[in-house]
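After this come two complexes, each holding chain A, first together with chain B and then together with chain C.
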Partner chain A sequence: MARVIIDPITRIEGHLRIEVEVENGKVKDAYSSGTLFRGFEVFMRGRDPRDAWYITQRACGVCTSVHAIASVKCLDHAFGVEIPENARIIRNLIMGAQYLHDHPVHFYHLHALDWVDVVSALSADPKKTAAFAANHNNSPKDSVNHFKKVKTRLKKFVDSGQLGPFANGYWGHPAYKLPPEANLMAVSHYLDALELQKKSAQLQAIFGGKNPHIQSVIPGGVTVGGILDVDHIASFKYLMQEIMSFIENVYIPDVLAVAPAYLDWGGIGAGHGNYLAWGLFPQDTKHHTKNQTFPDGVILNHDLSKVFDADTAKVAEHVKHSWYDGAEAKHPKDGKTDPKYTGLNDFKGIDLDKNEKYSWLKSPRYEDQVMEVGPLARVLVAYVRGNKDVQNLVNSTLKTLGAPATALFSTLGRTAARALETVFIGKEMEKWIDELIGNISKGNVDTANPIEIPDSGFGYGTTEAPRGALGHWIEIKNKKIENYQMVVPTTWNGSPRDNAGKRGPFEESLIGTPVADAKRPLEILRTIHSFDPCLACAVHVIDPQTNEIHKFKVA
Partner chain B sequence: MSLKNQIIELGKKEIPRKDFIRFCAVTAATLGLPASYTQIIAREIQKAAKRPPVIWMHFAECTGDTESFIRASNPNITDIVLDVVSVDYHETIMAPSGDAAHKSLEDSIHENKGKYIVIAEGAVPTKDNGIYLTIGSKTGLELATEVCKDAMAVLCVGTCSSFGGVQAQAPNPTGAKGVQEATGLPKEKFVHLPGCPHNVKNSVATIVHFLLFGKLPALDHDRRPLFAYGEKIHDHCPRRTHFENGEFVERFGDDGDRKKWCLYKVGCKGPETYHNCSKVLWNDGTNWPIGAGHGCNGCSERNFWDTMTPFYERLPDRTPFGSVSADKVAAVVGGATAAGIAVHAAIKAKKGRLGKGDEEDTKE
Partner chain C sequence: MKILILGVGNILLKDEGIGVHIIRKLQAEYEFPKNVEVLDGGTLGMYLTGKLEEGFDLVIVVDAILTDDIPGSVYRFSLNDIPYKFPNKVSPHEIGLFETLTLVQLRGIEFQTIIFGIVPKEIKAWGMEYSEELEDGANKIVEMILDELKELKAV
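Up next, the complex of A and B:
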């Protein structure tokens, strides 16, 4: 048995270490460790509640804006203010822009190099590449000449001897299956997508003020009352068209072009098969409305015949294997944290028999069940809840690939679900802009309602980050933050063992993954990346009693 | 070489000539150099035989500065990665993980000793020997020292790597500090590009300045380049006239909000913040916070998380501003217009512009 430690896992947000045990060419066991602790909830305490959204947005700069939105929803609830219709639409448009940015960047820049061999692209014939592209996509750019130029540029780059971020990649690994032409096409689109993501960031900045880290939401609404004009709305619509053209003509076709070579990955990386979504894009202004474009729901044991309502009261966090004192599972709002760092020993391995702690991440569980969150969870919940657009997208994709429905529960399934929801969201956004125009033309230009900080109170807000279910909780005392808590996607997905010893989703999904070469663990990256890990916000601490870090032991 | 020949020369290079010249012009403008520098910048960059190695380190951070950096235009981000510099280590984009990633880092440090540029993102936790961040069995603190000590220059992008940032706000549970302060390395090679996140226009301009002149641009007392942090947001704010006229947004969603009046009374920290947002804007000129109706929160200032909060309270009620309150001034002078002017005068009297004495003389 070989023990493989991958630290850092790159092409993710944040600091993640994965340790696996490989036996007979397959992963036998796995351990996921978050290796950065920042202490958000500690410094939130005692601050002005209105500032919470601005501070918590800094939990993550990749899924920027999502914490801002979760937080203002939490504050709307705590302050007892309902936001105007226009504010709801603007917030949804900002959030939608985040998805149009985040998902393509994940596919091309964080995930693609797990499937695409850049070196192989050097031996591609540009003519064949153009033919391959014409067979798969509708990109007007993908001509023979274009691929010739890309290949020349790539060759010049490689010949310079300075390979930069591509040095020491796993090129030539037997798990790469694409023909050179597909690789060249993908490299070309990698570069195109790197330019395109700036447009999606601009899209968000139109009503977000800037990107990363928007600055235009407030409890009670949004601040864009001065720019609800033709100029800004027309820019938004125009940019949307350009971005959607890429998503529909390049991104989706690329997923469908790459997938056939990797259909075996439709049977790898399933995990526990439990899925949780809080839901996304509220369609009315009531707090915690169930009327959302992506509905909330819980699916258990791969069973697509049933979906349960998701209830935030059923969440508890375990710390038995996390670097915190204590063992009792607690609801986020009652949680307690005493950091207790015991280190990691690269030479010994993690000893579960001795209840070894091995991550800064806690283990949130839903009624003691391990839950996967993210695009696959959202798409499955919407599918089972009967959303026709989502059903059509999923069914036609399975049909095109000749894959069974069970292939959804996999590494490939996560990657496909991410692409499908991007196009679905884009189409919804186009309707919302028209709705906004309708309101304005009727003379409804309200963007924010007055607020007052309550002397004391409690609130929570849920939404979905691109990576999955996100919740914020606040307790207010004497008009100040008494306690603030976030339960974020990668805490769900990247969690270590819970009190019952059940593996977290990353860990469970790696079991059985083939590893051709333990020194070049490409296959492990595929499955981990399929979750789109985002560690910065996953590590947190709450301490309602004191704002000091407690004593810890270093083993 | 004649201008025409220069242009022909540039046309042979990989970056489309038109884009490249535009980049050089924009960079010259951002740096405050005369337009004639456009061609000089172009020539200097193109003649480099080996692309300068860049090692990008992530410490306690949110990756917002990486995200900001990849928004680069003029030159485009693809050109920067493929043609301008060699990004030898960058955890967010690099192909290898684990041991193979470490090899990339070690190879670059070893081969380019004293010749590589470090771009640092995120604060360094220092409390309890830095255990709050580990990367491959080393703490962030150990790595920061190891990587920065042989660097030619260290660019700290964002407020976290510059000053500690969000996690360093009181009570700073992990002892997070800016990279220079945490490592204690000589400050001469450090430059701070704070902002939450930093604006890519400023990092690209700083890199180009460094490649062009072989040294860092002129800096202020916090080691921020004067070209980007030499003037206040307020100095170039398009809503400035409303400030002078005493026309303020009183609450978000009111009539003044719709008329794009001054945000000072709902917390704008523009009068206290040295940054060029009001000149260069964000996302290729798409917008900026004040353009979206929200006040500036002062994110490029050293301890803004503690000194600029609460964000929705106006400045005179806060200590950095002295004891002069807008209401008191208004009561004495009478009338909103006079109040606005008087408050502004008070601000200038209290803080003033960055005095010559505060600047470090690193000018050419």
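Up next, the complex of A and C:
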């Protein structure tokens, strides 16, 4: 039996560590560890509640606005303030922009190279590539000439002797199945998608004030009432058009072009088959409204005939296998964050008898069930709840790929659901911006209601980050934060075993995954990446990992 | 000649933030003409794509560099001089400046790079000030950047 440990160690010891046991070419057991202590809950205590949204969005440097939104919803509730209709729409547009940014970036820049062999792209014929592309998408950029240029730049890059960039990948791994032309097309779109990333960040900044870390939401509404003019709304609409053109003509077709080579991944990576969504994009201004574009819901045991209402009261966080004090599973409202680090021996391999605690992530459970959160959960809940647009998108995709509905519960299913919801959200956003214009043209420009901090109180706010269900809980005493808890998506998905010993979603989804070469565990990365994990904060240092660097010393 | 001087790093982690500290030194002590932009890039990583595609002829990067050398040692090289990793990464946080520079160039946006690296002493400890061992090296980099600009007749 081989033990594979994937631990992208960075200079601060903060990341995701995955350890698996491989037997007869398949994963037999798996352990997921978050190796970074976040501690936001600890330093929120005693602060002015109005600062909560501003501080908590710093939990992340990428999907920042999601924490701002979850937090202001939590504060709206605690302060007992209802937001104006325009604030609701603008918050939804800000959130939507986050999705138009994160999902394509995830597909192209974090996940594509699990399926696309960069080195193989070098042997592609640009003419055949253009023909392949023409068969699959409507990208205006994709010409023979363009692919020739991309290939030349790529080749120059490799030929310059700097094999470094490519040496780090698992290029040539037998699990790569695409023809060279598909690989070149995908690498080319990978580079084009950087342009999209820039535009969707700009899109969010129009009403968010800036990106990353928006500035314009406050308990009671938003602060951008002063810029609801033709210029800003026209910029928003224009950027939306450009972004949607890429999503519809390139992103979705690329997913459909790559998927046929990997249909076996429609049967790998399922996990427990329990899905949870808090729901997203409220359509009225009531606290915790059920009227959301993505409805809330719980699906159990892969059973698409039933969906249950999601109830935040049913969440409890287990810490038996996490580096925190305490034994009892607690609701986030009563949650404690008392670190108790016991180490991971020498990281040679987890033995639950010796390493009872092995992660900084707690294990949130829903009525003691392990829950997967994320695009697949949202899409499945909307599908079962009867959203026609989502049903059509899912059904037509399954039909195009010739895949059964059960293929949704898989690594491929997660990746497809992410793409489908991106196009769905974009189309909804186009309606919302028109709704906003309608309000303004009727003279309704209210964007915020006054607030008063209560002496004591309690509130919670739920939403969905691109990678899954997100909740913030606050308790206020003497107008200060007494307790603040965040239950974030990667805590649900990346959680360690719970008090009953049940594996977390990452862990369970890896069971049975084929591993062709234990030294190059590409297949494991595919499934973990399909969840879009997010754990650490940024570190940026040049680590040349070579002694060659010494010749460049100047002082 | 359009030039970007870009310092990157996390100023919460002592010497990890040295690139940004050097940029602040430059901003505080000197004035630059319009064709020279001096930017604190923080930990933006991939978000710097847009900025890097604004038509610069030269991008000067200042960052901490990990080697086995003594803290404060200064290195000067270009993007092509050292291998770097293609961003097949686990989380979006891992797309750093080097990957971003590489990707921008692969997109056909061309500019020269000069990278000034300084060996840090402490990068795991919390603290907004850098180690004193880096002071001479930091001043040296400021001097070298100014010389570089003079030589290019950019200032």
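Odds and ends about this structure:
As a working rule, the second predicted complex is superposed on the first by the 516 of 555 C-alpha atoms of A that agree within 3 Å, B and C clash if a C-alpha of one lies under 4 Å from a C-alpha of the other, contacts with A are read in each partner's own complex, and residues count from 1 in each chain.
As a working rule, contacts are C-beta pairs under 8 Å (C-beta built on N, C-alpha and C of every residue); 3 or more make two chains touch, one makes a residue touch a chain.
These numbers were taken from a predicted model, which means no experiment stands behind them.
Contacts of A:H106 after superposition on the shared chain: chain C is touched, whereas chain B is not. In the superposition on chain A, no contact is made by A:A327 with either chain B or chain C. In the superposition on chain A, A:F157 makes contact with both chain B and chain C.
In the superposition on chain A, A:G221 makes contact with chain B only, while chain C stays out of contact range. Of the two partners chain B and chain C, more chain A residues are in touch with B.
Residue contacts after overlaying the shared chain place A:P533 against chain C, while chain B stays out of touching range.
Of the two partner chains placed by superposition, A:A516 touches none, neither chain B nor chain C. Of the two partner chains placed by the overlay, only chain B lies in contact with A:D51; chain C stays clear of it. When both complexes are overlaid on chain A, the residue A:V118 reaches chain B and chain C alike. Counting contacts by the rule stated earlier, residues 8, 10-13, 15, 61-62, 109-110, 113, 118, 153, 157, 160, 162, 164-169, 191, 194-195, 197-198, 201-202, 211-212, 525, 536-537, 541, 547-549, 552, 554 of chain A appear in both its interface with chain B and its interface with chain C. Partner chain A is touched in their complex by these residues of chain C: 8-10, 13, 16, 43-47, 49-50, 53, 63-69, 73-77, 80-98, 102-108, 115, 117, 120, 123-124, 136-137, 140, 144. Residues 14, 50-51, 53, 58, 60-68, 70-71, 73, 76-78, 81-82, 86-88, 90-101, 103-104, 107, 125, 127-129, 131-137, 140, 165-167, 169-174, 176, 196-197, 251-253, 257-260, 282-284, 286-294, 297, 305, 309-313 of chain B are the ones that touch chain A when the two sit in their complex. Considering their complex, residues 8, 10-13, 15-16, 61-62, 102, 105-106, 109-110, 113-114, 118, 149-150, 153-154, 157, 160, 162-169, 191-192, 194-195, 197-198, 201-202, 211-212, 525, 528-529, 533-550, 552-555 of chain A touch chain C. Every residue of chain A that touches chain B in the complex is listed here, in rising order: 5-15, 17, 35-40, 42-43, 47-48, 50-51, 54-55, 58-62, 64, 84, 109-110, 113, 118, 153, 156-157, 160, 162, 164-170, 191, 194-195, 197-198, 201-202, 205-216, 218, 220-227, 235, 341, 343-344, 346, 360, 445-450, 519-521, 525, 536-537, 541, 547-549, 552, 554.
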